[in-house]
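Chain lettering (A, B, C and D) follows the sequence in which the chains are written, and residue indices restart at 1 in each chain.
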């Protein structure tokens, strides 16, 4: 039985979605449709202007009666909160207007994740439209930033890869257990929904099914975000090789994280369990476990396991999450809950769908 | 936002699961864990005796603290309702004891689906242990049997194939629109979770992935159940060919149903929409649609579309459901809701998980 | 051990491919690269002009050194045979020029499959550029048309669906065993490679994986081709409902074919075995079998099984083929072998790839 | 067109398969059935005794007429070569008898891969039945051991993981380019056919589809084999972390290999291209490429790419192979070709099957 929750307020939180015809959009709708305290009231998409969302997403037939609207003519500025689920480069052109209208903004794109606008421009290949807001954007990973998020008006929701990598390395870096003279290796695998909802030869079934490959080995846009964040956790520079791979699955990220341990004894299993004991959305599996991406499918959970193969000096951390939930829409709602002083788990209690 | 529901009663419905280590077991747990008025208090499995359910199903870690118990030593008889999720032939040996203890019983196996014990014995290859209860078992398809279910103490939850086939043919047979001199053809495709959770070469990835086949074309156990039910709807005997196929997917049933239309004009689209307008778990798609199994993944919904190719005399109905939800555990909870006078949709409002 | 074949001639058959950047193109290259008597010498693609085929298809790296050329500037007219693997509507603009240059033409598109140009225009939505060649085009299904193919200069290679449906119904229709007053039902399922190599949202992994649906139920372009051919086999008009479905697999077609048997005794298993005993590429499975699409993956074989459920009056034929081999490129090479008086199996002896 | 090969000898090589009902068995049959100079004459399986292989593998219907026989009563000792495709621990009880009968033995299991019997017993949990043969077993990786294989009577065919890892590190270790004070990281992903053909819950579609996980992170049996071989290539001890993962695919291994480069300039792309220029079964992709497992599906090829992310001091090598071909049966036939002085590529020219 679900825990009794505070009865709905007379006026639920009015939530808008900017650019909602992609996978994070439909995932936000799935979660908001059943949120006890918030309500999706507006969703924009130029491509599907005027159409019912259930035409694009028949899974929502009978669930929601929204239609896609135009960003400019929408009631976004009358919302309490707006989720930006558009491609990179859009949120930064809307944020000021929304904030000026006292709307809280949670950006699921990369626009406000890097503190350094020049670094952003280098990796994203365009001019940053709104660098003046960067100092005010709070990086929305609650497990490291909970207090700041509570008071934020603009949250930069982390990337899917960075969430898994940060949560995996967190206890090691916070406690200075890694030899940072040695390069960290993050070998990470993602389901294809991370590539977005788009017509593309590369992500066609006949191109990807029953196959597997790495991509962007020479450099992926999540690299600087991960580097920035890990260095912040470590309190010092570090070297990182981040290798993304494309899984022939729809959802799910599996990070296999390697680091060289400093000399000295440490009970890694106890360390991880203690660090995350109070976290509602991080589960440390029993010693010797291997987390499976399906066990978090549809849930806002990150499952972790920590190994030390043959008692050597290399630690191997395994971290899984659903890239569309803890890696995107679920985390965004977790941030909304914090920003509106709701229970952090509100609307996020759905259980992973297996098999 | 989810609709406000009645506040939880002081004493929620105590639910037990007999034989819960399979896929319908974990699906019942997933749904009951978040049910506003019921609580899973007991689950049995000889094979996993004493183990936490989260060891078998890591998706439930942090969600439920139950352990598997032995049927005989369990508190099943102290429950308000027991779901039998065991293989065929088990429920019929427990039902009388449970009913005698004033426990309501919802059987997800085939034990009480056929009214004729001899027919059952012929198809299931064993003696029926409890034929005296057959006249008291109510066939648990709410869309045709809602009133009887409300007063039932023993519900025979329909098979996954029969649910899709009955819902698809329902408006046609109720209204006498088919020429029953011609054989009905039900060409049905199922994901592999319908075969249960078991070690089996046939259902191994390396045997099934990227492949497709029919099976049991000469006769499948759901045939007599479908035949019994369709004849009841039609009020007369009919001929049916039922051809099951195995999809290389996990969840989902797609029924493609063919029938010869009687002469005369009829607006099939309107007929279907009207018949199911008040049904919370049946969605008739707009004319010309093709339902996709993924659009009901994890939801208790059946989506239907009706076609009349090239305006000929053959009607083609397309019906999809999630075999583990509307085809099993979800429907069982829908039946429980009716039996305990709860809102029929209680605990069943989770939205389909796409992509 | 493979059977010894005639030693290669001094001058192998020079084969060209018009429009070769799709899946039938690469499949033709795969087969021609190892053909004992033919040689791929030219392949055209405007989109990939000048590029090595191994850049588009890395599976061919180290196998072939061809580059894509422009149709007009290519040496197509100097070839012995040209396979048209371009989309519908292209072959009909090249055929006359090629035939005039004494090149034999095997068209894998639909341009020459329908004898009636108006019917073609109706289904394909464009003017037929070359109706005068239609009477000279030979329908390239060797199992019914072997002699005509041997002498053909222009072969219309059958569609993937039509091949499976025709081979499945063949013995029944040739022998007048079906009651054609009743509609034939062809419920057919195809892997996604049949949709071609293209960027498309519909065929993306995140849209199709773990899912299944019907499409074009109201009318598919292969319908008139199948109808034309079945009527020819039956020697009379018949009614047909053809329902295509999209499998979440790459290759493979599975046809489930229904028909009402005429009164009277017939040994269907013997009938099928005798009809296909001499056919090198049709295997009739033992009674009670269910063919699996993977068992013909990569091979030029159609596997069949025939059932009569519960000894009723409906016959159910199951037919599987690889849509890219027996349903396209393999059949095209089988036709080439016949047209050049080679052993019909030359270059087509590769064994299906399982698992 | 395939290259003309020497005409078949009057007496082709008679090949036997010990324990042939698994995936390496059927793959050996697929390849041997079309080998120009060898012939499969005998295959054993206690479980399928007396049955036609086409009953177990319908893909071979019409291709081969063999039946499974009992090892003891079989004609294995009359063969020219026997492939041991049985589980670990079987080949070592047959090898002496076969060698004594002048039969050449190629063992696809692990029995003769480790030179140290005690190490073998430690990892494989049983007594080695035949340690006296270990010094005579030649490790069958032609790219490093070609001459020894030509004269071998007993070949230990490498494991699937070790083949990919060795080929990937080969040019770096041979040339002393890695700093071996730092641990090598081999993050490797395998399709499920590597787990063999068996009824198992873990490899069921409903357990694995659309999911991904690591396994045996604390220690996998291929670890000592890889360590032994890499150390031999390096001529010194080294530290290795080997992390296997299970892909939801049937075939294919993808190794992502990390190492710390020694100081100094080196053109890695040129190094790899030169090292493998003469190798018929290793393809070095153009700089910047990402090999895809599907591009070697069914082929005896290993495709490699070498990267140096952001010009740092870490080299990342990507290596793909088909675990059943270059990782098992294909490599075994490559070894047979060497042992019998045939062209090394004989019977191994089939092109990868994409899509």
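Assume a contact is a pair of C-beta atoms (placed from the backbone, for glycine too) under 8 Å apart; a residue touches a chain by one contact, two chains touch by 3 or more.
As the structure is a prediction and not an experimental result, all values here were calculated from the model.
Engineer: Would you say B-C or B-D is joined by more C-beta pairs in contact?
Structural biologist: Greater number of contacting C-beta pairs: B-C.
Engineer: So, what's the distance in Å between the C-alpha centres of subunit C and subunit A?
Structural biologist: Chain centroid spacing, subunit A to subunit C, equals 46 Å.
Engineer: Centroid of subunit B to centroid of subunit C, CA atoms only: how many Å?
Structural biologist: Comparing mean C-alpha positions, subunit C is 40 Å from subunit B.
Engineer: Distance-wise, how many Å sit between the C-alpha centres of subunit B and subunit D, to the nearest whole number?
Structural biologist: So the centre of subunit B lies 46 Å away from the centre of subunit D.
Engineer: In subunit D, what residues contact two or more other chains?
Structural biologist: 23, 191, 193, 197, 206-207, 209-210, 248-251, 291-292, 294, 297, 355
Engineer: Specify the contact topology among the chains shown, as one of line, ring, star, complete or other.
Structural biologist: Graph shape here is complete: every pair of chains touches.
Engineer: Quick check: in the complex, which residue numbers of subunit B touch subunit C?
Structural biologist: 182-183, 185, 187, 189, 191, 206-207, 210-215, 217-219, 239, 241-243, 245, 247-252, 254, 256, 258, 260, 288, 290-294, 297, 307, 309-310, 312-314, 316, 318, 320, 355
Engineer: Taking the complex as given, what residues does subunit C use to touch subunit D?
Structural biologist: Answer in residue numbers: 1-2, 4, 7-8, 12, 23, 26, 30, 32-40, 57-63, 193, 197, 209-210, 250-251, 283, 285, 289, 291-292, 294-299, 301, 303, 324, 349-355.
Engineer: Which residues of subunit C touch subunit A in the complex?
Structural biologist: Subunit C residues touching subunit A: 23, 191-193, 195, 197-201, 203-210, 248-250.
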